[in-house]
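Next come the structures, one after another.
Shared between the two complexes below is chain A, which has chain B as its partner in the first and chain C in the second.
Let's look at the complex of A and B:
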């Protein structure tokens, strides 16, 4: 039970856990059916009542919910409680258009704090620690999720959002931070900057870091650990089911433990929707078991992973999911920002370049970079440079990401038949 | 007692309030003396023991604490509890150099939430309201202070930090915000943008706004109220004594009620240090009465105001301070950022321009603007433009503020004898 925040639930006997899951699931189904028109129609459409789900297996009869479904409800149609009972609003991190708007009751916020305390405790944190949270605070769930967990845990919290890498480093050194919460790419940048500044990481008080909100590889983990001399831990969550707190690594780092007392996970074949067995890779589907303001049923996360039911050395009985390295759809996650190639395409078309283009993703000093190659009939060097600059500015304005634009001659980019391969990912995630 | 969060304290009999102030003051003096070396030395230097303060009047014997004193303690020397008891770190908002680092225990955070709930309740807010907080969250105290107050109050909180004016407006409209917390200049920008976008403010759900963290005039208040069709309320606080929550306007807006059960205010003659009578204008000095982690004794705020002990129509017995419109020192507050002319001077000198310069502050569409005029021997137009651009970039990098730089011919700026008048403030605050 060392480093376990809620040992009662994290190391619960599986039979008992499944009983609790079923009770919470049934309560969630009734709650969603009664208060969210979308779910009532969903059930009615397939001739099912919430009382028909008598086992966890029965959940398979409920149709999936997609991100598009949630977006249709903008802003408040998926709220299962009146707005007066909603204590907090957050949103998903889409770059353009309307985001998914999520709500939390006071109880939701309390549970959320506990879920994030689990993540931090699994990394060895306690009330003697000083936690620097470099995530943004705001509608993004990352900052507030970890903040609440750390306050519950009794650690000293440094809300170090919205500042430059150099200021982050100054704070880390002067305030004697013992732990860091950030994007993995952000931690890497801190590591590289330390090196540039000639600062010996042994002089820092840092011992552990909690990284998430974008995919990252074991190679990145090693680089972060080498540069910052810390233990780097992965965690997973997404705004639609409440933000960080869905799953987290323990000290053994053999997959991420899912807080199954709050989330019921399934892995499906993304093509057929069929539920797959443990060990098989497929799309993660999540059902919330305790959410009051924003329950979601069988939400298709779009993330590819697999489940592992084997007992873990740490003593937790919670199922582990493999680290997420891929997506079902073509969504790209670049420096924590979600982006679809079609959004880049829209901008290119507005400049009357294309239709052939290529998005190249690569890493420079651990930081994600995007190069957009697009065909153009322009030949003059100055003309081309000026247009590329204008497109770059527009991409940055509209999508919130700096990208490099290269105009190439017509015919340079191969147009394949069928679905064009527009993304070349050289990031080695 | 309408719209009063803590009527017991906000409308307390003055004799009873002063008894509580004295008890809390004595506890604070002992606490600071025992745990903060600076205060022990301060007392010892004047041959005073914390037990010698037997009345509120006696506090006058304690020497002042200045911002420079607090800066000497960077980062943690003024903490009166061990770091393990510190739940949160915040800092003052200086643009460069080391900030004042302040700490909060769990109890400090609870009191802080109550102080901010008072502000919101005085503006008529309750649990049916949706509060859009546009302040930054992070080391700055503004966002977190109001956030905690709103959660305690039971309102729905939209943490809308770190986004463009247009997104703020989208959120305000779509999420049906009924109240806004922001810088007054930010509210003005929102108002102007609404007009540009042709959006009728009658279509908004907004009814009240809480503005602070920079000085603003009655003219600005009127503009905000006309553009947003809301009641605009002022509030006051500063990081060194804990952030927002020191004082706030009630519906009658005849000065800001100071939460005297947590802060003991004095007005002094900034030149002599003599305590002035109610009604006389001078520098506000604050002593915290309940702070555990970061007690401050007779802190010179640098802000010019006066106190009014007359009963207020709202029923509160708390003393009122006049709205702050001036400073004792030459600190400028521009769009919520604190800045001294000497910081601009440092940048100018690094480019070998000057030493004669002039800082002109003015308003454009309600937004603070800074123009820096500086003498240079350059004559070529292109050369001058290029240098001005480089200086502008460096000012923005180092001070975090966009300013316009104009190079003028040597001798254009009058160098007076004695202290040069380097700031021309045309903002009509």
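Let's look at the complex of A and C:
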């Protein structure tokens, strides 16, 4: 109980928890049905009413919601309360065109703060800590989500937000930050830079780091811990269900505890949609249980994981999900930004290049880099450079990510057996 | 203590409650709020066993969904009906004795409990020999409550205790409810149209709308959240600021 923010719920008797889940689920279904046309049509289409869901298992009767569904509702069609009741707006980190727009009522924001406080407290954070939040503060959910949780917890918050690695390091040293919230790749870069600058990490006050928003491996964890001399903890969330706060590691780091009093998790076979048993790997599907402004029913996250409902040594009874192993689709997560190869392809198509292209992902000093190789009939060096620059500008404009464009001779990218491989991921994650 | 899953209540072909789930802990007061016709009173009637219903109802883990109204009273589930419904041609004391029918073998218990009721409602003590029909509306409400207490409730079901009463009397009744809650540990389910009053008195609340629970939570949280009062309760919010 020592490091639990909401022991009443985090260590709740399973039977009681399932009762609360059912009650909250039913309320969410009615709320969504009555106030979101999409869900009303979804239910009507399969001849189901929200009152037909009498148990948690019955939820399987409800069709899935996909990211595409949510995007079609741009900007406010999925809001279940009038805009006058929406206190805050964030968006998914989608890069191009329309992101998923997510609203929060005041109560949603209160719950969200508690969910983030759970993550931080599970890592031993308390009033004496100075927490440096290096997530971007803006439409991205990460910065404000952790900020509210840390304030609720009573820690001292440094809203460092997005700034250069050097400035992050200066702040970390001068303000004696004891904890860090950031992308894992960001922490790795900080670690590498410290080494370059010849700074002994033992001189830092840093003890613990909370990392998420992009997949990272145990190897990365070890590197971060070795470079910064901290304990590195994983957490998971996504804007579509409110941002960080879905699940988090406790001190034992044997999977991420899902805050099941707020989210109902299912693992499905991504091909058939069939619900899988604990231990089986599949796609994580989430249903929000307390959201007022943006309830989401059976949302297909696209993330591959499995559930473990064995009791955890920490005393939490909340089910644990394995660290995310990858994606169901071809979505790439680059520096915390979600990107599909087709979005890059769309930009390329507006230039006289191609048809074949290759996206190469690699790490440079811990930072994700993207190189786009694309075929071009141009031969002149200057012409090629100019075109590459124009494409680079357009990609940055439209996708919000700096990428390197390399023009190659036609035929040099092999369109092998049918569907060519367009992504080469050399990042070790 | 009480756990309900998928409760449906029917009146003929009309479904008044659409498969709701809720729970009440020992010693906890839970309010059902929402507009007229939302199905709140039907929930209480289902728990008292006086209406056709479906669903799972357990008390301390035991299935009580098929018990008769009489057996439910013996289990300690006692309802104070809406509109009081006291026996007007009987005296106050006779009304109270009737409330203790499930305990009639225990004279000592009856006597002590009646004294406790008179202590909670000194007005009833003064009028113990009067016919219940001669009491004012507020006094009748007190009598109905006192009569329910004579049934030794583990779970007290209160249906609109404020209905049709002057604000000063309502205040009096809620004051007494708080007192009795303090003196004897019992769970209470309160149905109220006066949402602010209910939220102030209860620990948790379920918001009902056309037969379904559309929101639930700690009353503290619900009170601080004007979405509830606005979106679900409509005009009740204006009353709140009166």
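In the analysis below, the second predicted complex is superposed on the first by the 427 of 429 C-alpha atoms of A that agree within 3 Å, B and C clash if a C-alpha of one lies under 4 Å from a C-alpha of the other, contacts with A are read in each partner's own complex, and residues count from 1 in each chain.
Please note the rule applied: a residue touches a chain if its C-beta (ideal position, glycine included) is under 8 Å from a C-beta of that chain, and two chains touch if they have at least 3 such contacts.
The shown structure was predicted, so the numbers you read here are calculated from the model rather than taken from an experiment.
S.K.: So, on chain A, is it clash or fit between chain B and chain C?
M.R.: Here chain B and chain C can both sit on chain A without a clash.
S.K.: Based on the superposed arrangement, let me know which partner A:158 touches: chain B (first), chain C (second), both, or neither?
M.R.: First partner only.
S.K.: Scan A:22 for contacts with chain B and chain C and give back first, second, both or neither.
M.R.: Only chain C; A:22 stays clear of chain B.
S.K.: Would you sort A:101 into first (chain B), second (chain C), both or neither based on which partner it touches?
M.R.: After superposition on chain A, A:101 lies in contact with chain B alone.
S.K.: Now for A:81: first (chain B), second (chain C), both, or neither, which partner does it touch?
M.R.: Touch partner of A:81: chain C, not chain B.
S.K.: For A:292, select first, second, both or neither according to whether it touches chain B, chain C, the two together, or no partner.
M.R.: second
S.K.: Answer with first, second, both or neither: which of chain B and chain C does A:71 touch in the superposed model?
M.R.: The answer is neither, since A:71 touches no partner chain.
S.K.: Using the superposition described at the top, determine whether chain B or chain C touches more residues of chain A.
M.R.: The larger set of chain A residues in touch belongs to B.
S.K.: In the overlay of the two complexes, what angle sits at the CA centre of chain A between those of chain B and chain C, given in steps of 10 degrees?
M.R.: 90
S.K.: Rounded to the nearest angstrom, what is the minimum C-alpha distance from chain B to chain C in the superposition?
M.R.: 9
S.K.: Help me check something: in the complex, which residues belonging to chain A touch chain C?
M.R.: Within the complex, chain A touches chain C at residues 16, 19-20, 22-24, 26-27, 30-31, 34, 49-55, 81-82, 85, 105-107, 110, 292.
S.K.: Touching chain A in the complex: which residues of chain C?
M.R.: Answer in residue numbers: 3, 5-6, 8, 18-23, 55, 206, 209, 211-217, 221, 224-228, 230-231.
S.K.: Can you list the residues on chain B that touch chain A in the complex?
M.R.: Spelled out, the residues of chain B in touch with chain A are 74-76, 83-84, 86-90, 98, 101, 103, 127-128, 130, 136-139, 143-144, 151, 154, 156-163, 171, 174-176.
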